[in-house]
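Inspection log for the structure reproduced underneath, given as structure tokens.
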Amino acid sequence: MNITLNINGKTYSHDVEPRLLLVHYLREVVGLTGPHVGCETSLCGACTIELNGKAVKSCTMFAVQANGADILTIEGLAENGKLHKMQEAFWNEHGLQCGFCTPGMIIASKQILDRNPNPTDEEIRHGLEGNVCRCTGYQHIVNAVKAAAKATGA
Amino acid sequence: MATTTTKTETLVGKRIRRREDPRLITGTATYVEDIKMPGMHYAAIVRSPHAAAKIRSIDTSKAAAHPGVAAVFVGKDVAGVGPVPCGASLPGLRVPHHSILATDRVYFVGHPVAVVVATDRYIAADAADLVEIDWDVTQAVADPEKALASGAPAVHPEWPDNKAFDFHQEHGEIDKAFAEADVVVKQRITSQRLIPTAMETRGVVAEWRAADRALTLYTSTQIPHLVRTLVAMMLGLEENRLRVVAPEVGGGFGSKLNVYAEEALMGFVSMKIGKPVKWIESRRENFLTTIHGRGHVDYYEIAAKKDGTILGIKLKIIQDLGAYHQLLTPAIPTLSVLMMPGLYRTQNIRADIVGVFTNCVPTDAYRGAGRPEATHGIERMVDMLAAELKMDPAEIRLKNFVHKDEFPFPTATGLTYDSGDYAAPLKKAMDLAGYDKLRAEQAEARKQGKLMGIGISTYGEICALGPSPATPAGGWESATVKIEPTGKVTVMTGASPHGQGEETTFAQVAADELGVDIDDILVLHGDTSIVQYGIGTFGSRGTAVGGTAMYFALQELKAKLKKFGAMMLNSDDVTLANGQCVCNKTGAAKSIAEMAAASYRAMALPPNTQPGMVSTYFWEPPNFTFPFGAHLVVTDIDKDTGAISIRRYIAVDDCGNLLNPLIVDGQVHGGVAQGLGQALWEQAVYDDNGQLVTGELTDYVVPRAHMMPWIESSHTITPTPVNPLGVKGVGEAGTIGCSPAVVNSVVDALSPLGVKHIDMPMTPEKIWNLVKGAH
Amino acid sequence: MKISGTHRLPFPPEESYAKLQDPELLAQTIPGCESLEKIGEDEYKMKMKMALAAVSGAFEGKIRIADKNPPESFRLIVEGAGKIGFVRGEGLLKFSAAGDATEVTYDGDVQVGGTIAAVGQRLIDATSKTMIRKFFEKIAG
Amino acid sequence: MIPQNFEYAAAQTLDDAIKQIAGGAKPLAGGMSLIPMMKLRLATPERLIDIGRLKELNYIRESGGALHIGAAATHHEVESSGLVRGKCPLLSETASHIGDVQVRNMGTIGGSIAHADPSADYPAALQALEAKFVLKSSSGERTVSAADFFVDTFATALEPGEMIREVIVPLEAQGTGVSYQKMYQPASGFAIVGIALRIARSGGKISMARIGVTGLSGKSYRAIDAEKALEGKAGSATEIQNAAALVPQNVDINSDLHASADYRRHLAVVYAARAIAAALSRSA
């Protein structure tokens, strides 16, 4: 089946099998490396991307379902070589160690601030429920989201 | 152009953001799964759904005929490939021959039986479903104590008692100590099986180039060089024909400190089909077949005088080894024995280990590897002793600590503790918590029938693994430092970091030592074709051992730079500082770049000096390091549901000097999360038939953001004399210090109900049952 | 996993006892049963397609009846395996008169393996109870 | 990890979808229940008809004294809709407890209901709301109450060829207090026990109580005895406790790795008492 999508500002058109998962489409067909696969039960969030402005798990979606959609992955977050405030905040606050969960974590964190520019710690943690990090204990991630909120507000 | 910038600001000790992060926060890092090659094939592995069964027959014909399938291999096809290696040796150890694919029988769920190779991962998965296996299912045993009972099913028919080894260690006058004791406290303490759950599962890409007789293996590992040596042996390939690359590695926690069947299997497949092949472990495979951690049933006895002085400790460990040995499986509980006295002075110990086979995946090193179990045990026992003697848990610890002027301190288990002030972090944690006020608040809460607990653990660790005689594969680490002709500095470390931030901390040290800008330094690791032989990252050793190797390589380079500087400045009185060599008489100076260029150009050479500016150093540590600390945890229990909430988590860790406090904090936080995971949520559950019922993230509970408390992390600093950096290692501290503090806190909360001990994980249901039972 | 329960059949114990061993009736009442073929005394080969909402899978297995003690009790042993895993169940069925009807109580052990064991923990209890309930409802007619 | 192959079509119109479903295609909306099972090969549908982007199914509107929610409305839309928050706050509160942010962004109310997971959150609220579901097939439409719809574990009143078109919930009367209280299964986020409450008071007495329960047994249900025990009472602590104790009565209670039947029964009482107290405190 032929699908056409806008990914990180560019249009892509491919013929795909219906069962091709969106994450595999992005990684194998489009050639992106940001969305990661960390589980098969939709619980780890490493594959999180934005679909029409909403954070979704790209491992729990078929590419054909995204036909016509606007997709933003971690690779598309920086603009003109300038890191997004959330990326910058993760870097400054040491919000990552092995980095495997990070692309999904940053997209999920961006969604928190998109919907609530000044979240409390509890709201941040609630907003990260769908993403597992095994390295950081989340504290520096929470700090990063707070720092990004501050930077965005400033 | 020579552009090395000099600098004067010291970087060691600063909270510097990491140099490895730009690729990670932009999604452009290369993990194994990101590697693509022309003609690459994909492998899917067919695994046993049974914990114990004989294979009557395997029919691969339908799978092989499936369009897109290149090959299917079964056990008999890989008979020439060596078994999965066990690096540990113990007297009388029974080592099952574990071939990379099962032949006539399987002994755990997930045991690999066949591999299907296809042009695409979807096709490989479809074809794997077409492999038909006729099973003769036999009885399994999943519980180590049941496995030891007479009449239990034998995991390996040749060893019907299911014992892999017995181990005994004793020191001092243990029987006398117990005979003279005023009080003896006994407790069975379990440390449940845990699943490491690195976010990146394992994965391998193998590429065989027949014309070059060269195999390259990209694998998600903590130990690329050891994988190279061992996989070359398994495949019967000359070691210098095998290149192993650990690209970006998405977490390990010990689970990738190993050599796995699939690493050799993918090498075999690529050599057979003449194409590159990729295998990526699914999360289910990761849970079923990558090593688990812990798996202890411990029987403790502690003897003491009325005043709280500990006289002796007895420990019997029943170690659930699983069905065969992975690289270090049987060695892990011996680390528990080494750590069993904790921070306490007692010289009387007796320890026994029974290593038991079960129809489960092997246990092996998982964050802390043997030491969390030991710390959990001793810290629980000391709390129970305090309760028995009606002493404050802090007081009894202070009474028994090795005193700060007793170092180096020889322990009952044969270690020599390097340096310490064990009371300092405890007192700091109590100050931060407002300990006396908390106790008063607790007394008030108890009057109102509320359950509030205050728990302490004071832990010690064996880190910076370690002196070679005490390790299975050499405990040194290597580094090469090169100053390129343009003055840029390249560091190659034999440690293979995967999230620990050594690309940053090593650059900080090198920048300070050479006096150059940190941006002029590049740290490389993980590729056996680039980096000299090394050991790897585990056992909190990366910085303490690998960093020290680099430090000594830097000293050699500095000496060489000085020689070139002296020659170039025509002076016998020079100083190397701030990135230049200065003549102390004239003030004339040569930059590092100038000296490096001269060393390669070699128009003139100082006496007895080779051209070039490269130094390689293999550093053998004289001892382990012994970090320590105190964690203090305040909990509140919901009597109605048994839910535990953590009001305060205070971690005071002493890991010696801090090279980068931001990174140290990250290590502590992550360590605490895994310790808390064990204390409250995580457990690998096998049913009686050896089925892993926590086979996915749907049932295995890993901590999530909303489950974690705020961690108040701080430090005391007691440098180690073992290495010139004074660093002890911090990768495992959080995990080791955490679980006993949390359990002690909850037991303290429930102590008015007569509760003396709780095994982990402390699920709400378990707590509710204890509360209910007390009423 | 232990499993037990009680169901009521609107027949006297003798009839209930007989119905629960009637292969033709069993073939119609076991949820998802596609065929039941006698392979020995009190032993049958069964093909079934389990379908529970979105979850579905084909199973092949055996049913065996043992320890017959009419009309009070017998033991039922069920084994099945398919791509999504395997199930082995063994249970004692007891029959007692309750007026014109029969109370059938069952008490047994269910083992599951494969994918259904690894991911289905949350649902095994509810699912097996549901299937047993459906079975008895069909037997009751 | 890799689903089996299937045929796929995206429905252009509702009629198109109905035709496909009549022909045996399985509807795919957000896919949050179906796709994980397909990846594990626990579900192997041969044909999928994608109804997730059908505008005809994605709406939340008020008419005829009720809220009408299209089957393809996502949990996030329900959670954040001003209309639902204002007029049927129990439903938005419950939606906020489902899964995680990403799941709520994709998962749909129709998909969740059709799946009839015994631990899903929505059914508790829908039982307490006495919601009605409009089921559509090629032969027309019928309306089924939540109580009749949830038949058993994963089993619903949906006939082959039928799909959920719309969920109808009543507008909450002024002063009604609501609450959804849930104990999470910490790995999956599903409800070990979830209790949805609606309470109205009149003249100092509870005039209406509705209690929906999920997670406890093979299907969601209304705890009618407990509701009756509350009605006419002032809502003292003892009255709350007595009513809560009736919630798990006469129910075959599930047991699993995360909670035994005994513990679940106990939790049902505790969470019911909490939900009743919370709803009461919010009622006027």
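When the chains are written out, they are named A, B, C and D in that same order, and each has its own residue count from 1.
The rule we apply is simple: a residue touches a chain if its C-beta (ideal position, glycine included) is under 8 Å from a C-beta of that chain, and two chains touch if they have at least 3 such contacts.
These numbers were taken from a predicted model, which means no experiment stands behind them.
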Inset, instruction - Would you kindly say which chain has the C-alpha centre located farthest from the C-alpha centre of chain D? - result: B
Inset, instruction - Please work out the Cα centroid separation of chain A and chain C, and write it as a whole number of Å. - result: 47
Legend entry - Distance between the centres, which are taken as Cα means, of chain B and chain A, whole angstrom: 29
Legend entry - Inter-centroid spacing, chain D versus chain C (mean Cα positions, whole Å): 31
Inset, instruction - Would you mind pulling out the distance in Å between where the CA atoms of chain B average out and where those of chain D do? - result: 44
Legend entry - Residues of chain C whose C-beta touches two or more other chains: 83, 115, 119, 121-122
Inset, instruction - Would you pick out the residues of chain D that each touch at least 2 other chains? - result: 1-2, 4-5, 40-41, 187-188, 257-258
Legend entry - In chain B, residues with contacts to at least two other chains: 121-122, 129, 282, 284, 693-694, 696-699, 702, 704
Legend entry - Chain-to-chain touches, reported pairwise for every pair that qualifies: A-B, A-D, B-C, B-D, C-D
Inset, instruction - Quick one: which bits of chain D touch chain C in the complex? Just the residue numbers, please. - result: 26, 33-34, 37, 40-45, 114-116, 118-119, 152-156, 185, 188, 190, 217-218, 252, 254-258
Inset, instruction - Can you check the complex and tell me which residues of chain C touch chain B? - result: 1, 83, 85-86, 111-115, 117-119, 121-122
Inset, instruction - Note which residues of chain B are touching chain C in the complex, please. - result: 49-50, 109, 129, 284, 287-288, 687, 689, 691-696, 698-699
Legend entry - chain B - residues contacting chain D, complex: 121-122, 125-126, 129, 282, 284, 640-641, 681, 685, 693-694, 697-702, 704, 707, 763-765, 768-769
Inset, instruction - Within their complex, state which residues of chain B touch chain A. - result: 17-18, 20-31, 33-34, 121-122, 197-201, 248-251, 253, 280, 282-284, 498-501, 662-663, 665-666, 668-674, 696-698, 702-706, 708, 710-711, 734
